[in-house]
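Shared between the two complexes below is chain A, which has chain B as its partner in the first and chain C in the second.
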Partner chain A sequence: MSEEKTITIEVDGQPLETKAGALLIDVTDAAGINIPRFCYHDKLSIAASCRMCLVEVAKVPKPIPACATQVMDGMVVQTRSPMALAAQKATMEFLLINHPLDCPVCDQGGECELQDVAMGYGSDVTRFVEGKRVIPENNIGPLIATDMTRCIHCTRCVRFGDEVAGMREMGATGRGEHMTIGTFVAHNINSELSGNVIDLCPVGALTSKPFQYRARAWELTRHTGVAPHDSVGSNIQIHTRRGEVMRVHPHSNDAINEVWLSDRDRFSYEGIKSEERLTQPLIKKDGEWVETSWEEALETAASGLREIASADADQIGTLVSPTATLEEIALAQKITEGLGSPNIDYRLRQEDFRGNSRAVPWLGQSIASLEDVDSALLIGSNIRKDQPLLAHRVRKAALKGAKIQLVNPLQLDLHFDAAQMVSDPAGMVRNLAAIAEAAGGSHHLTEQIEVTDEHKAVAEGLKCSKSTVILLGNIAQSHPDFTILYGLASVIAKAADAFVGVIPMAANSVGAAVVGAIPNKGLNAHAMLENPRKGYLLLGIEPGLDINNPALARAAMSGAETVVAITAYRSPCLEETASVMLPMAAFGETSGSFVNAEGRWQSFSGTTGPAGESRPGWKILRVLGNLMDISGFDYSSSEEILDELRGAHGGELQVASLGAAKGKIRSAVTGLARIGETPIYAADALVRRAASLQETEEARDAAVARVNPSVAADAGLLDGEKVAVVQGEGRAEMVLKVDANIPDGCVWVPAAVPGSESLGDQFGELSLEKV
Partner chain B sequence: MSALEIKNRNELFTPEIRAEIDHEIAKYPEGESQSAAMAALRIVQDANGGWLTQESMDEVAAYLDLPPIAIYEVATFYSMYEHKPVGRNKLCVCTNISCMINNSDQIVEHLNNRLGIKFGEVTEDGRYSLKEVECLGACGGAPMMQVGRKYYENLTPERLDSILDELE
Partner chain C sequence: MANEVIFKNRDLDNLWDIEQYRSRGGYEILTRILTEKTPPAEIIDGMKTSGLRGRGGAGFPTGLKWSFINRSAPGDKYLVCNSDEGEPGTFKDRDILRYNPHALVEGMLIASYVIDAHRAYNYIRGEFWEPYERFQNAIDQARAAGFVGKNILGSGFDCELNVHLGGGAYVCGEETALLESIEGKKGQPRYKPPFPAHVGLYGCPTVINNTETLASVPTILREGAERFRDIGVENSGGSKLFSISGHVKNPGVFELPMGTPFSELFELAGGMRDGSKIKAVIPGGSSSPVIPGEIMMDLTMDYDAIAKAGSMLGSGAVIVMDESTCMVKVLDRMGYFYHEESCGQCTPCREGTGWLYRIVHRIENGQGRPEDIDLLMDVQNRIRGKTICALGDAAAMPVAGMLRYYQDEFQYHIDHKKCMAGTGA
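And then the complex of A and B:
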């Protein structure tokens, strides 16, 4: 096809220049000429099944669908001629035959494509007097409400499942009038991207369950924002009504999230209204939590920390959540520095800091460029769950033929073809060393490494491609040998002429590193707890859930004199460890900025007022700074802080080595090894409180211990049985699940779920006991 | 995904059925096993007394490496696939226009009375089941019905009686 040739066509008398071979509907869309459509969607394949886009083309005897017609030089198109209008009207009439005319009680009313197109192109009255068909209810889970009687069979949802989510769960069963869209066998839709069908469905057949019957589209005010979970930084629209966040939609940005949104980013807003929201400052008096005024709370917090600092500033440790905003983190950093302490960190889930570098861990390339790699090695990454939309880019690369290989401590259920090398955590290091050797590098490990054909195949796959990327994911960053893994990845990268990057965990991991929430000479997140401090400043953290070693964190903080927690939630582990809780504005309630995986700074403004007495984090920190007499806290808006940060740190991110360790493998254990992944819906405080997400199978299945059949048999344990997971001093009771995806010698015991607060490092030795 | 997790293709069906399906798969280019979906469903249905269970559809999906829903789509689109038990003789009676004009109503009524079943039902002894079908392309012999692979044309109540007696 001569795609590059520019041709001229005429639409409704208007000449349009375009590329030969383009689709007519794309050309008219670009020119702002509206052609009605239902089945067409620019991110999905062409179905051309609804016939709503019929137009008249000169010299063609019948109307033809614009979505399936390629333009040709000199084509003369009429979108509003009598023939086109008659065709559109007739199509509309057919579509409405079986569609219920119940817009007043339909959740899509007011934002329904069918309603709009019927108004614009349909007839005023119906001639259809026969009975309409009714489709029985179909429950597909807690996120999506279905009313299949309203379905017009455009198959967008079906194509989405097949082409984007990579899980073909929905389909069109039956025939003719009996055709229905559904799962056929009743079951829940389990894709981490499932919510997108809500946007895709042009009618009210698939709508948001949490939002059901809550508001009408025209009552909502739209605010653009940035999603607060993974490091993609998906652009979103927060819809509010009378000061309340009602729902979240994607805001399209081709460079970041395209038109999609992960379920986590879409439904987590429910956590804003959690009953555990902290709405009043709290202070611990004689072991009891009492509500207090802001003055007293702030004064207690400031004097508590200042006293400790004036005796020995090194006794102050600051831990900031990587989901906090850039502005908040920067102020927390400024306070810590102002108190004279070098101890600040955001790498809460990291255990191995041997690399000891202040370099910023980031993707090292653009998100969009991931879909153009032709080979990728993912190390310690459950990418699909951790970063759903990065996984989508990798999947696109895989569909184009890229070779994707993974080194992980568990077999993943992926939606693209990939070679997975699975071993226990220590084995991951050995596997990587062997791949490094097979690729022609050297590994510096103290032990002998055996190189198998499998390793050679991986090395070969990396070497014989033009653009190769090696990425370390969440599991790698929590791994006791993260720096060795990183070092080996760098060796492999050098040998294979590849590129190494880190997939940042959270929405603002990169931002936290950029503004310097990494200790220079001070203690890192782990050392601050191993050598307990007298005073802690916690920003957006739940110590039992957000830290690699919660047992260590809770012990250290419980023993401290002052623990100031700036938090949106009142959680049991804060009640146990903190001395002051300052209520912070949650997602949607504060302005701020995040820096995403590719180093893009994105700012957003607050959409609603903070709940109760809570205040934006940056304002709390500003007052704290002032009360402690630290200079430079006279900001009047978060933009002022941002401007200052831009000036100091706004340059292009450099690709720099994180510092690699050599030597001993720390992850080797003699008993069973824990694989402490953070499940997708447990990643941070907000999502942990998002009710509907917590009802998904994914979340309900998360708080279990998983072992493979042979480990279960050795331990004499059965699937579904309650077991005690014992790690060091810690003990947690969990249901055992037998799962062949877990390697020998390992137990998958997640972090950040109920029960895990008393356990130790996310990766480490543990044992299982019968209860 | 279906409730049933099938790992090993060689544990599905019987060796004979696998051979038959493989024969169909071989008719299409490599990697196009989905083209054999209809044939595979027919083979599996025949081996199961003329109808498909959900498990058997899941197995066909697993065997052809397709998502189960893709098989459900095919199996529910074509009326030759049955999703409920049928009689040993499935009487497919055409009621489409030519047959209707030639009094297929009378044929249907006769069958209803004689067998005591309606469309979609099976006689108690499992010998017959009744199904309404659309035009089978034998309008010249209307009214007609199909039983197994055989067409019976120019039906009358009397002819029906003798046909039914012959069917085991």
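And then the complex of A and C:
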């Protein structure tokens, strides 16, 4: 192919070797020759409309755009000839005539592409004496501030919506100078990737609303970091000023997040400064929470746990958040082991542990390779909300023609073409079993299923492709039959020559498993609560919100003698259950490491000091370990811990079976079945306190109960009505939404939202009552 | 008239009726081509010989355009007819649709056969309701007669004809904006390359031709390419429809051989309105630079002659102005049109057309500044050759044209805050 041929072109007198067919602007960029541009972006389609990149090419009578010109052998280009410069200056003048030039009050000031280019190509005086264009403002939601009078119509934001976010949210209306970029019919921007338009917009037309007027670009110090929410481990830049996190930007890494960042990872930093931040150690004295010194708090914690352990070490249970760092989890594990207890777990949202394996659940392949699959089966996954940038990879595969199929307990609003098989939770198991059967696999559920054409079609789609991946998502992992689902997925994989992986839920789920926060002979997260322990060590956990069965967790912990909570937040359910609260550094305040979905270890440093009296988690655990006289707690830095961990666990991740159960289908219910998804902006303690994210439609619509029209009719309930969701002893009042995406026999009642703390398993039987 | 091609049979009462059209040999050539399976290359050669150049304005040789389509490429190909006719001063395609729609139907079918398109669209200007109904009726009649649809005349060749009504944007007459519009998108020109011959409608190879171009095809092929060529002059084969308007007594559409002296066309249009004298002529639609009347009187109506005089034959829309006309006001009006009709995607046209308009509008309203003439020249120059489509050039060129011959009127306006000519403020 000619595309592969190496050719030589000449740019400004300099010979450049390159591939035939490459874009001129990419070739000059690689050679360090700067051609000004606005509309061009290497992750978006070519618009060639701003006309800033016009250059002179020998034998072409007119200047042509470098961003839309493919190089040809022997091409002679001049980027700064009189013709090129005249064209570039002409464009610059045209861009500025209607621009408000309000740089002093514009948040983009100092990092504005228009400002930068104008320094090189603009003129000091304007020849434009007419009135300037003014565009009335629109509110497009809590995350993005608009000032469309500054817009230079580059359409990057429009193309982003179309091509990357998969939602046509921004568009151009009107012609000529009346052309306005905005949201259609002035609605809010709702994509979970919307914040990327802030980076893409070359001017101050789209800026961060939470960051509005907070700081100037040149006052900020930039620190690289790792995003704290999903298992992608997006690389980020944390921008601080005088010890305060001011904003978060993506840091490009083509293997992980490319140049993108999900809104959750971008805006959650606001949670750092929540009023609920715990800034002082607290102990419960006679039922009252009182502030205390670190010494007393630590001593109380250490002696409380030690006493229980010395009587019966098995009475200690440790629950660690998969959002905690590798170093913190490892020390918690070491303490637990040092106390003699085998009970530690990070799988807080998992209910079904019948697989009984210590294998590490992970993606099993690289994140980037997801976009090259030609068939995928997603089981129990709302991938778009749970892992926005993994969904982006899957979307890319789908756009290239991959067949994407899903087995879920609700119909999803996806941004790619996919076949969705929707049923109640028990039906998911049967559907999967039928697909396995249709694919030619065998299993123990044959008697309980009926294979339909639909199942055969799914099996066929998986079998007749070259690279197939089967992934189990958040819903699957919280499903009462997770291990059966996993087992069936393995059967299908074998029959279809596919590959099974788990999409880890949190930023450090894989890391927690790698360093051993999975019990060997001890109790798992569920068993530790079902069989209440006398002492609990909680690392970064809010018992009412972070655990599959919050009612069970709260009951177990309330009855315990000592509950030591190492936590960044003081939350009502900790006040209820804990005996000591040790204030821990939050996102951005501590050094540490995460292992992402593909098994990549990524470390970061603290960027600001911890709030108030709080301390990095690893330091708190180090002192606790020392106070309990457990050996091996003499680390002087988190790097030392990391080095030790690398030595012990740093090898390549292997794909190993998580263990498949052959038990009965536990998700079958006689009444209504709960679908207890964890909404995107409720996933963990930090994001739950990120004010702007909580104001999004997505978050505001989350704390409701959803049923389809026929379930609503059967129960005599109306959309918008208040209902009581009753699950076991628990009862939560919520607004009812009628939503055709929910299958028959089910009620979507989210976990981790206010009101859900008293409910039981994320997937279990419940009933609805009028209030 | 012997030299007419499109309106040759205008003596017939209902030429738009298929029976009338067929009574003078209509659909004969299509029938012959399909039954004899004439090799497409032969037809293309004929079109090249005829010297037919695109009548939409750019004058691109039609045979050459058709030859760019790779017939053997896999996938669909499309033929698109451009009946958007939005250029101020142009109203010839409307009359083809109204009075000789079958010539267009037959021409579209032949062109589709040549490029192996099985679906052809005619994009008709949204305001053309009556022409649209005539044309749609012609398709229906042709279908009933077996010329449209599957296996036409048993030849094995399938071709569907569809009509798409535009929404009233001038820019949608630009061929790639037109394609976007058919695809249901905002009508914005595409950056070229790739050209429509490679990536056109729905990403498929596409030929776009003007209504007049395609309506000429049956007669050219039936009566012989040489005959057509010889009607016209060197470089401008055949006859051409001229839409003449302005201060003439008898405005209208006239079909004349290429190379006819302007004075003859002027005569046919009845000369100037009573008592007025010719001042200036815009020879090829609003985007072609103006030419003073006395120069125009010595020119012939063909591509080369008009180009030599510094303007363009364009779509053959001739606007005649008398001495009462204020050139500042004319440019003000045209500037308003282009700045309203720019699609807005590329910077020089979006921003520059509005700037040009505002400067001229200020001058017209007695608020001109001494530096405005230089500024106008400079701004139009900064638009030219730097935009995605030719609308930018179309907006810029008349400015330079006006200043070339009528700078004194602009200067007078600036100096005296009023008009030199008889009318205008």
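The rule is simple: the second predicted complex is superposed on the first by the 767 of 771 C-alpha atoms of A that agree within 3 Å, B and C clash if a C-alpha of one lies under 4 Å from a C-alpha of the other, contacts with A are read in each partner's own complex, and residues count from 1 in each chain.
Following the convention adopted for this analysis, a contact is a pair of C-beta atoms (placed from the backbone, for glycine too) under 8 Å apart; a residue touches a chain by one contact, two chains touch by 3 or more.
Please read all numbers here as calculations on a predicted model, not as lab measurements.
Steric overlap between chain B and chain C is present once the structures are superposed on chain A. After overlaying the two complexes on the shared chain, residue contacts for A:93 are found with chain C alone; chain B is out of touch. Set side by side, chain B and chain C differ in how many residues of chain A they touch, and the one touching more is C. Of the two partner chains placed around the shared chain by superposition, neither chain B nor chain C is touched by A:136.
Looking at the shared chain after the overlay, A:172 reaches both chain B and chain C. Clashing C-alpha atoms between chain C and chain B appear in just one of the listed stretches 19-27, 73-81, 181-189 or 289-297, and that stretch is 181-189. Overlap of the chain B and chain C interfaces on chain A: residues 172, 174-175. Here chain A touches chain C in the complex through residues 46-52, 54, 61-63, 65, 68, 86-87, 90-91, 93-95, 97-98, 127-130, 152-153, 155, 172, 174-179, going by the rule given at the top.
The touching residues of chain C, counted against chain A in their complex, run 169, 171, 186, 191, 339-355, 358-359, 362, 369, 371, 375, 382-383, 385-388. Across the interface of their complex, chain B is touched by residues 167-175, 183-185, 187, 190 of chain A.
Here chain B touches chain A in the complex through residues 1-3, 54, 67-70, 72-73, 76-79, going by the rule given at the top.
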